[in-house]
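One structure coming up, written as structure tokens, with questions to follow.
Think of it as A, B, C and D in the order they're written, each chain with its own count starting at 1.
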Amino acid sequence: MTKETNTYNKIAGQDTGRILAISDGVFGVALTLLVLEIRVPFMDSIRSEQDLIQAFLGLKSKFLVYFLAFMTTGIFWVGHSSQYKYIEGSDRNLNWINLLFLLSVSMLPFTTAFLGDYTHFKFPIAVYWCNLLLMGAMLYINWAYACRRHFVDENIKALVDLPLRRRIIIAQSLYLIGALLCFISPFLSIAFIILVQMNYAFAFLSQRKKSSRRAIHDNME
Amino acid sequence: MTKETNTYNKIAGQDTGRILAISDGVFGVALTLLVLEIRVPFMDSIRSEQDLIQAFLGLKSKFLVYFLAFMTTGIFWVGHSSQYKYIEGSDRNLNWINLLFLLSVSMLPFTTAFLGDYTHFKFPIAVYWCNLLLMGAMLYINWAYACRRHFVDENIKALVDLPLRRRIIIAQSLYLIGALLCFISPFLSIAFIILVQMNYAFAFLSQRKKSSRRAIHDNME
Amino acid sequence: MTKETNTYNKIAGQDTGRILAISDGVFGVALTLLVLEIRVPFMDSIRSEQDLIQAFLGLKSKFLVYFLAFMTTGIFWVGHSSQYKYIEGSDRNLNWINLLFLLSVSMLPFTTAFLGDYTHFKFPIAVYWCNLLLMGAMLYINWAYACRRHFVDENIKALVDLPLRRRIIIAQSLYLIGALLCFISPFLSIAFIILVQMNYAFAFLSQRKKSSRRAIHDNME
Amino acid sequence: MTKETNTYNKIAGQDTGRILAISDGVFGVALTLLVLEIRVPFMDSIRSEQDLIQAFLGLKSKFLVYFLAFMTTGIFWVGHSSQYKYIEGSDRNLNWINLLFLLSVSMLPFTTAFLGDYTHFKFPIAVYWCNLLLMGAMLYINWAYACRRHFVDENIKALVDLPLRRRIIIAQSLYLIGALLCFISPFLSIAFIILVQMNYAFAFLSQRKKSSRRAIHDNME
């Protein structure tokens, strides 16, 4: 390589190190901040072990919301990891697409808390669904952009492009169905979305004995 | 290596970089957030140096709780480091097992604060113990899964598998004994658990002159 | 290389790893903490879907402020990334210049919230502008210092020095114009600054078809 | 290297990657959390631009405390970086020594806020000084332990050992003098400590023209 080409490459090329660092920072903080919403019940009204258990059980919707937000954040972190495993370069635009994805991630604690406080209304489901849609859309744009700018090896792209896109579209279709169920009942809607999330998160419990070939296939998606 | 094999490996293989980054993010935030529970005493009632010292001493249970939570988080961070020193690959399932471990880590500030506010009750000890159990269980599953999927070199596994598993089981047994002591006295229970934690954290004070061979052995556990 | 030279280099040289790690930590936390300012509306006064939508819309200035702060933090993160892509070494002084840059980044949540709460006053615009000026100034000093101490390859410096400096000066000139507009109307001033930020953040929407040569040029700036 | 030696080294050896990651996480969060102590002044009482400026100026002691805590955290981050630039290995004990150092770092937001709220008392200065002492002591122990366990190259140790130790001892002596000044006047005490911190942080302003040889020497300290 001539010295000139070397200089040229150094200026044009950029690895994904900074993108991964800022993303894991935002994800790490988001995952940990969620618990701050759960406050220890106040002391004065509590006199017996029974009172305390009662007060603790009163937090159960807070715990459910916490768990849901943690799972959702986790699902999108795994999705983000799957993409950046194959993305080998970046530019200013990819930086910004990723930042907008992180914007939607960092809003999740708010939209989930809003959902948790008003489980009997339709509007918070619409807000929560918009957040999920924005996360999915930015993740899709992220991958599409990285492919167009050739930040993904062509051989790998041929193998993983379709599964990666399909995964986002299927998940988003399920979220849309979940959101629409609110016209029947908000509770049904939330229950459906939670089930979809559980399916992504706990897939490993049902896949214990699958062959190594299938494992690779799962990893790609 | 043929080009095809190379592509295949790139898709199937995945290093542990992202897992370590998100984990250190969550641990780092958890360790730092703990201090937010300690509030500077309010100004109006304080008129003399004596008042201030009194107000400060009133925070002593908050400091104790902070210290306990920091130690516990530290112990599990060290345990996590010990495992990932030997784990050389990952897949989607390991991502999720690790995320569930982090879920239990991020709940620790809540369960410890709950324990600190109600030291004279049995129920918070049960909650705190459940948290310790969940952390231990996920760490155990994490290691077991990594071994089964051959993410650990066989030679190394032969040497470290038993000590790593034994360490978790011994610690969890001690926590169980500690939790059960609450039927005699909640204070005794908390004191016992703190002593166990101190033992793990301050081992270095008593091991100063041990031989280098023993040091390696300790490192493995 | 003799052993002595090797020792000498190890002591004198220092890579930028720690600087990047602490910077991405601060940026990651700053980006995520911003959302904490948006609180879920309180339950008691809300009886119907209509009430809830009303309460949600009441948060719109909070969302705008959140969005503005996220964009601004993002712009400076991208600017920081652009510089450290070329900076290959560091010393104690660069550590401190970078820390003072991070100080200005970490104040942004406060100055933006101050701006959002008092949109009809001139003073918060002055405070916000001071913050933007400080960030720009530290970024400029950072680059100038790195160049003077030869932490940037000379061939690369010849190509990127001017665009990097020009970018900061143009952005700061626009911010100054924006700030001065407050003497006509605070709203006009805020709107102008938001438009400038949008221009930097969403450049990628209008640049889709540009040639790869131009892309490199943009990356440099 | 035989296969056996290789396995042996893998088990015994451990790099400092995780220690740096958790440390930069804690430092990054601590630096950013500090600003949360500064709250935007409340709206109701503010009617004119004059009122707002007045309310803002009322925050000046909060800003001073923020600045002081940021500088102190920065000084110890730079000190930590200086050491780990030369430390090339780690073990379980070093993990714990570093965690206890981080414990003292994470307490700094509290002790500084305590100092800022009660500037006219002696006791908060004692508390703050204890925190500085703990940070310095852990940093000293960290380096001493790393040297004893041969995690530092002998050639490098010969050159940097003395300056690194001397730097901590000089800084701690100055802090002690500062703390003792509180018996004359708490304000004098705080002013002295701030001056000492400024001296470490802004050294770069006065060192611009020093020779490259001296720069290396400074870097070592």
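By our rule, contacts are C-beta pairs under 8 Å (C-beta built on N, C-alpha and C of every residue); 3 or more make two chains touch, one makes a residue touch a chain.
No experiment lies behind these values; they were computed from the predicted model shown.
> Quick check: superposing subunit A onto subunit C on C-alpha atoms, how many degrees is the rotation, to the nearest 5?
So the angle, rounded to a multiple of 5, is 90 degrees.
> Taking each chain's centre as the mean of its Cα atoms, which chain lies farthest from subunit D?
Here the answer is chain A, farthest from subunit D.
> Report same or different for the subunit C and subunit D interface, where same means the shared residue numbers exceed half of all residue numbers found there.
Counting which numbers both chains contribute, under half are shared, so the two copies meet through different residues.
> If you average the CA atoms of subunit A and of subunit B, how many Å lie between those two points?
25
> So how far apart, in whole Å, are subunit B and subunit C when each is placed at the average of its C-alpha atoms?
Taking the average C-alpha coordinate of subunit B and of subunit C, the gap between them is 35 Å.
> Indicate the residues of subunit D shared as contacts by at least two other chains.
If we look for residues of subunit D contacting two or more partner chains, we find 21, 24-25, 28-29, 33.
> Which residues of subunit B touch subunit A in the complex?
On the subunit B side, the touching residues are 3, 7-8, 10-12, 14, 17-18, 21-22, 24-26, 28-30, 33, 91-93, 95-97, 99, 102-103, 106-107, 109-110, 113-114, 117-118, 121-124, 127, 145, 149.
> What residues of subunit A sit close enough to touch subunit B in their complex?
Within the complex, subunit A contacts subunit B at residues 20-21, 24-25, 27-29, 31-36, 38, 40, 43, 46, 49, 52-53, 56, 67, 70, 74, 77-78, 81-82, 84-86, 153, 155-156, 159-160, 201-204, 207, 215-216, 218-220.
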